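What follows is one structure encoded as structure tokens, with my remarks underneath.
In this document, chain identifiers A, B, C, D and E correspond to the written order of the chains, with residue numbering beginning at 1 in each.
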Amino acid sequence: MDHTLPWLILLAPLLSAILVLLFAHRSKSLSVSLSLAAVFVSLIGSLMAFGISPEALSTTFTWIDLGPIFKLNIGLKIDALTKVMLLVVTGIGALVHIYSTVYMAEDSAKSRFFGSLSLFMFSMLGIVLADNLAMMFIFWELVGVSSFLLIGHWYTKESAAKAANKAFLTNRIGDFGFMAGILLVWSTTGALGFSEIQNSIGKLTENPTLLTITGLCLFCGAVGKSAQLPLHVWLPDAMEGPTPVSALIHAATMVAAGVYMLARIFFLLEPSAIALTVIAWIGAITALMAALMATQQNDIKRVLAYSTLSQLGLMVAGIGVGAWAASMFHLFTHAFFKALLFLGSGAIIHALHHEQDIWKMGGLKSTMPKTFITFLIGTLALSGFPGLAGFFSKDAILLSAYHKSSGIFVVGLVTSLLTAFYMTRLLIVTFLGKGRTEAAKHGHDCPAQMTLPLILLAVLSVIAGYPIFAEFVFGHENFHAVHAAPHTILVPILAIGVFIIGTASALAIYKGKNNDPIRISLFSNRFYIDEFYAALIAGTQDMLASLSGWIDRYLVDGVIVRGLSGAAQGTGYLFRLLQFGNLQGYAFLFGAGVVTVLYLLIK
Amino acid sequence: MNQLTLNNYLLASGLLFTLGFAGVLLRRNIIIIFMCLELMLNAANLSLVAFSRFHVGADGLPNYNAQVLVFFIITVAAAEVAVGLAIIVALYRARQTTHVEDIQSLKF
Amino acid sequence: MLALGVSVILNRDPVASALSLVGSFVCLAALFVGLDAFFIGVIQILVYAGAVMVLFLFIIMLLDLRSEKRRSFNKLAIVGGVLVSSAFGAELMYVLSSFNQGKHPFPALSVTRLDDVRSVGTTLFTYFNLPFQVVGILVLVATIGVVVLSRRELK
Amino acid sequence: MLTILLLVPILGAVSLLLGKGDRGLTKICALLQTALTLTIWFAYDRTKAGYQFTFASDPLLPGLDLRFSLGVDGLSLLLLLLSAFVSLAAVWLAPKAEKRPQLYDACILLISAGVTGAFASQDLFFFYAFHELALIPTFLMIGLWGSGERQAAAWKITVYLALGSIILLIGLVDLFLAIPSPNRSFDLVKLQQIEMHHLIPVAKQLRPWCFLTVGFGILVSLFPFHSWAPTGYASAPTPVAMLHSGVLKKFGLYGMLRLVVPLLPDAGKLPVYSNWTAMDLLLLALLGNILYIGLVTIAQRKLDYVIAYSSVMHMGYIFLGIASLNLIGLTGSALLMFAHGLSVAALFAVAGAIREREGSLSLDRLGGAAKSVPFLGICFAMATFASIGLPGFANFASETMVFFGAFKDPGSSFIRTATILSLWGVVISAVYMLRAYKSAFLGAPTESSSKWADLTGSSKLVLGSLITLLLLGGFFPKYFISYLKPTLELALR
Amino acid sequence: MFPPITLEIVVLCFGLLLLLVESFSNGADKRGLAKGGIAVLALVFLGSFLLQTNPPTPEPGSYWNFYSADPSALFFKRLALLTTIGILIMAIDSQETLAKSIPAARPNAGLGEFYCLPLFTCAGLMFMASAKDLILAFVALELVTISFYVLVAFTRGSAASLEAGVKYLILGALSTGFIVYGITWIFGLTGETNLQSVAQKMTTIHDSDTALLFAFLLVLVGLGFKIAAVPFQGWVPDVYQGAPTPITAFLSVGSKSAGVLLLLRVIQPFLNVPSIQNKVLCILTLMAGATVLFGNLAALNQENLKRMLAYSSIGHAGYLLVAIASIRSIPSPFGTVGATIGFYLFGYMLMTLLSFMILTLVSSQSRGDDIQHFNGLAKRSPFLASALLVAMASLAGIPFTVGFYGKFLIFAQAIGAQQYLLLGLGIVAVAAGFYFYFRVIAAMWWNEPSVTTPIAVPGLTRTAIAILVVSIFVFGVFPKPIMLLFQQ
């Protein structure tokens, strides 16, 4: 039982994916029920995982076997850390599946959607369960694929196709570093499994620079997946995908994978102060900038996307300051309320017939009360309202930041201030006031399959932070690791303070406004980073490409190849000129030949 | 006349050979070119005879193999001349010329 | 002899050069005789100075070739020809100068008057009979060729 | 067994040339070929190294151990499997030729016979000879049924490959003469039985190494010698493009694995130019393949050119694996040959199908095809994912092995740097392949592409079988590796 | 079982017989003569396999002093016989073309002679093959040459033929002059004309290297002319183009192979003299390189197929010279250079005869021998097209054909002799060769025919072509019989 359980959790979605994509894609209902079944199997499985032994259980299957010198294993391992992620992934996954049954109801390619969803579940669970870097990389890539498929679900939309490509490529860049890191680890320690590496960590630490490089390379992977600066650009565009996807992949699970990975290999980063500092600052900066961008977005999903960015930044910063447990905790709580918010926004979009501009909404409080309540809870949880999940986790991170580096701490505070600000803005503009469009006026709550997940998530976002629940999920030592840092009263007070300031200012500014009173184009244009990248790519890659294309066409092929063949033909032509048909001329050449050869012979 | 050494004869024949060759290269009239070729053959004959006189066998006689070869060469040359002249005549009939510049239609 | 050879290649008039060729052949025959090769000398006169050259003259008359006056000389070809042939001559001289065997005078003969006709004949008909046959074929082929090529119209 | 396998396509081609038979016969031949190959594949005893199913004639030259002999071991068997399936697909998916259909089919069969022979023969001489056999059919087909600048392309590919082959021939003979006389032989088996490493004194290894590497390199379109490939493939008719880029090109790499690695292991360490060793130069060349050609590929605007250049680019990885000179890398590159062959064949097949429907392959005229021809779309997507090395496909497994192998023990200081650099190629290939896929299949359908008809029936199966093999290799590389391992261990002994 | 010399005797006698018959058969169709000739040559060819070998020790006066019947000699005799058969077949096919350009009072007058002369040429070639004495060699060579003078100029109705005849005559006579002078010098230095004794004597000569080299040069020049080696190749393209097609084939196979054989025999003594060995080989190397490059590059854009084949035959002479220049004292594992050359010439004969046969047919029926006249031949006559494809592939050196095996052996010899310069040039040459041979293939298969009339192929020719094609493949895969034939 123990050893089949992980396989069950992992393979159920894969099975459904295969069945759906290959065979069942004719009948929608069948495929829907298949993938629902799969996700519930995994959910139950992971719940059972809590039941069984607290210490890690692992099981492996050899994927590549070259004897002693080289083995690649598909190894599954369930320990405390895994359980948390399992719960998050399967739980939210299940809810999103249910939600999608309605949300995607009249989509023509419904079964493709669910198939890809199952595929995603499979690959995400793979990352979670992986017991070695190679396997994690494999599923890392697979997650990329499925997210590519899901973002590009409506592939006939040019923007969707573009976004899918963008997401994939940006991740690829991260993976480049990841793979390099893996190679470095392997070549120095000769091991790939997390525990083996941990055992032979000495080989790495004896060469600090190598260690730092390795750590940062691996971190690149996280940067890609968790959309940290400078590779954050794909996440906002990824909102082109259906909203459930955004909720599941781009808020709760996949983007968190980076953080999870960092937590997994924390033992490897810990010895290198430089690596940690870099990580911390990248996280912090991401958090801050993303928050700033969020304040000026008008697309409801984009606001959430940027907030996701900044929260992820916070988690990464947390890792950077050494509080990996705290980060995991925040990941855990954040998953719930961010999923909640996305699904809520999805409900709104659904109700308003795919209207996403918040300035075209308003007054939805009255028309869709259930959505409003849940959304409100989510908002509060996110912006750190005392007593809700977000408060606790964010507090934990800030606490350790406070002890580690004041800079990070300040940034964290500012970020949470901004968070409170833009979330309140969002809430006000969307729900309060009166409807600005016909659609907004006739909004309505969605059927139970959509509201039920909202409610469940809302409940979770409330309770998730409380020790009773969290401790159960995390298990003792980890949960105590969360609160490892010595407690000071200062931090919570500051946190609450910034929350209040942020909310209040937002209320003050946006109450009853029908258009945005503040216009900071720098923020609304996301610091022009995308434009900069576009220019950069055009300047470097495309330029180089066309240059080398030119070289290949006209130099290698044109000059060298054609040149040589031309030279041969030219020589042949010259030779033929010697055959000028004059008998005496031939005799002359003949004689010349004789004379030369004779000279060469007797000289 | 035995104070003449072999080299004197060889020199003479060599010069004759060169002369013939020069003629082949210089003259434009095919018939004369042909004559010059005969000159070259005879040059060869001269040195052959000289050599045959030079390689006196055990019996104290000149080496007659060479003279036989000379005989063959003369015969062959005669035959060659006959055929050659026939071709030249045919050429003249066809083109009214025996000049090398006039037969350059095949080239390159 | 060489002088005549020179005149062969310098004479504008084919007939003249042909005649000087005859002359040089005669001198050549003299040299043969001087080398105790009487038979070859005689053959030389008979075949060459006689038959072959008559044939030449006959053809020249038949085609009544004008001398080459009308032709403008191709300077380049002349220069080239002279260069090549003189170079060849020079190299030949060099070869001869380094040919030490030939520096000695001719060895003496055992007998004073030798009947080389017999000796050549015997050698030719006994030892060299195979090549002799082949030469016969050769002459036959040549005859056929001449007939085929020089008839105005074949019957 | 192998003899029959070899005779099937040849006889088929002959009877077609004599005017008997038609596309049906061709298909039968291809099926037979595949069936036979599969039989051998399963009958082969993979626990043992060395050749099986051997057949050998008497020596063909007096006093020289040169005979017509066939045989397979794990490596060649894998490639035989590849060629069988690709030939099947080539025959099945080949568009009907309106002029001289019989010659067309005969040429396809001849090419496939050539590759089969090359991989099945265990004698160097015939190994070489069979490869050349494909030259004339390729020439005729490109010139007759090709597209675009077809005649120029045919000339270039033919003369260029001829050049490569003659250099290769010299290399082979030079290698043969470099072997000390008692165990001189053209017979790969005999060469395997004797202790191959250090059979040739180190000092003598460099010259044959250079000849062979350049010769094989030309046939494989190694970087400076690649320019025959893109134009050739782009203007070749689909089956030729599939067979040539998928299978025939692997010949050179197969030769590297067969001869250069086992017989000239130390040549790479010898300095060629100042302190550049031979291996460094090879690494430079393959980096050229990966990075430079990768960039060139990004610049392409026509689907067939993208695929053609990409197939040139991927040769770099295979060479990287070979350069690693250890079991991991070699296995990786051997498997990568297989995987790349399948994926590029599938890509060309789809491209050909599009050309049939659209007439042109310039990316800016295509779009949104996935709506009207989902099956082609899926296959193309799968092949794309495979070729950019996504997990689940054989390419990923093998590329991973290549990277690990190349990183394992630095034979030259340069190789690790090269590995890291070539990792970047993975990004590059993703860039161009996804762009190609997007502009061909995603986005709004063009008015012409919305009217296309999808593949049907058996051709679906055939194309699908390529993808299936890719997936098999991706999920259970162990199975294929079990065929390769003994052979390659022998090669590295 | 009968003595080898019977072969020549039979051929000669039958040639005379044919002449007689010809002179009495007025105006009848002369093809019969040729057919008879073919039959007899075939018989002689078969007879050449049941000869009594091991010749008696030569006593003075017997022909054995001049005549050797060693395997290589027999091999080349057979080569000559086969070639002549092929030539006669071609001659039959091109009867109309010939008749048009022979000024004759009555139809096909003179054709008889045209059919008879090749027999004498063949006899000459056979004598040359066996000659082990310079005198016999010279005489036989002259027999061949003079008959070629006649044959080349035979169709004097066409200006080209005459011009070719004159060019061949003058330059041929020039080369004869050189050969004679060379023989003179060899005799002068050794006092011998028999090659074996020459070889013995030469090793004993000391202080006259220059003279030796001079003699070598003179012979080399003369024979280099015969085998069309640069810089003595001037005549080749013009004469090949002008001569009647069968004679072109005869020149390119017969006179080349005889020349090569003689060259092999004559340079052997010089190679035995250590003091000049290196210079000789160096000169041969240079000539080989020049020839192989010249021939193959000059053929590149040649529009006239006959002329293209002429250049290519220069190229093949180059390959042969490469082999000769790779003669070393240590034998290569790929067999002796002699065997290599023998096999190469054998293959060369097959391919050349095949291509010229087809050329004869096509050019006589589509009025011209440019490559463009072969456009779309695959449509007009698939049989001829495939056969020519085989011939071209073999000439280019595609595996499974004799051409490839020959090239393989020659390159192997060169590598064994470490002739890297020649190898480099050879690579270029082979690549170029692929280009110009494949142009013919391209013309036949890619282009559309201007006239679509199918081409009639006489039965005899058809069988001949079939045999040639088959043997190109058979000996391309299984060369052992030939090599054994050569070694024994």
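Methods note: a residue touches a chain if its C-beta (ideal position, glycine included) is under 8 Å from a C-beta of that chain, and two chains touch if they have at least 3 such contacts.
The model shown is predicted, which means the values in this text are computed figures rather than measured ones.
Chemist: Between chain C and chain E, which partner chains are common?
Modeler: A, B
Chemist: Using the touch rule from the top, work out which pair, A-C or B-C, shares more C-beta pairs.
Modeler: The greater number of contacts lies at B-C.
Chemist: Where the centre means the average of the CA atoms, what chain is farthest from chain B?
Modeler: Using the mean of the C-alpha atoms as each chain's centre, the farthest one from chain B is A.
Chemist: Can you name the chain whose C-alpha mean lies closest to the mean of all the C-alpha atoms?
Modeler: Closest chain centre to the overall C-alpha centroid: D.
Chemist: From the C-alpha centres, identify the chain that is farthest from chain D.
Modeler: C
Chemist: Averaging only over C-alpha atoms, locate the centres of chain C and chain D and give their separation in whole Å.
Modeler: The computed centroid separation for chain C versus chain D comes out at 69 Å.
Chemist: How big is the gap, in whole Å, between where the Cα atoms of chain A centre and where those of chain D centre?
Modeler: The answer is 36 Å.
Chemist: Approximately how many whole Å separate the CA-defined centres of chain D and chain E?
Modeler: 42
Chemist: If you average the CA atoms of chain B and of chain E, how many Å lie between those two points?
Modeler: The answer is 26 Å.
Chemist: At least two other chains touched by the same residue of chain C: list those residues.
Modeler: 77, 80-81, 84-85, 88, 92, 94-95, 99, 101, 127-128, 131, 135, 138, 141-142, 145, 149, 152
Chemist: Which positions in chain D are in touch with at least two other chains?
Modeler: 159
Chemist: Multi-chain contacts only, two chains or more: what residues does chain B have there?
Modeler: Expected reply: 10, 17, 20-21, 24-25, 28, 30, 33-34, 50, 54, 65, 68, 72, 76, 79-80, 83, 87-88, 90, 101, 103, 105-107.
Chemist: For each chain, which other chains does it touch, given as pairs?
Modeler: A-B, A-C, A-D, A-E, B-C, B-E, C-E, D-E
Chemist: What residues on chain E touch chain C, complex-wise?
Modeler: 12, 19, 60-61, 63, 65-67, 102-106, 109-110, 113, 116-117, 120, 123-124, 127, 133, 135-136, 139-140, 142-143, 146-147, 149-150, 153-154, 156, 189, 207-208, 210-211, 214
Chemist: Report the residues of chain C in contact with chain B in the complex, numbered from low to high.
Modeler: 1-2, 5-6, 8-9, 14, 17-18, 21, 24-25, 28, 31-32, 34-37, 39-40, 43-44, 47-48, 51-52, 55-56, 59-60, 62-63, 65, 68, 71, 74, 77-78, 80-82, 84-86, 88-89, 92-93, 96, 99, 101-111, 114, 116, 119-120, 123-124, 127-128, 131, 135, 138-139, 141-143, 145-146, 149-150, 152
Chemist: Would you pull the chain C residues touching chain E in the complex into a rising list?
Modeler: 92, 94-95, 98-101, 126-131, 134-135, 137-138, 140-142, 144-145, 148-149, 152-155
Chemist: Give every residue of chain E touching chain B within the complex, in rising order.
Modeler: That would be residues 135, 138-139, 142, 146, 149-150, 153, 156, 159-160, 162-167, 169-170, 173-174, 176-177, 180-181, 183-185, 187-188, 191, 193, 237-238, 241-242 of chain E.
Chemist: Report the residues of chain B in contact with chain E in the complex, numbered from low to high.
Modeler: 10, 17, 20-21, 24, 30, 33-34, 37, 40-41, 43-44, 47-48, 50-51, 54-55, 63, 65-66, 68-69, 72-73, 76, 79-80, 83-84, 87-88, 90-91, 94-95, 103, 105-107
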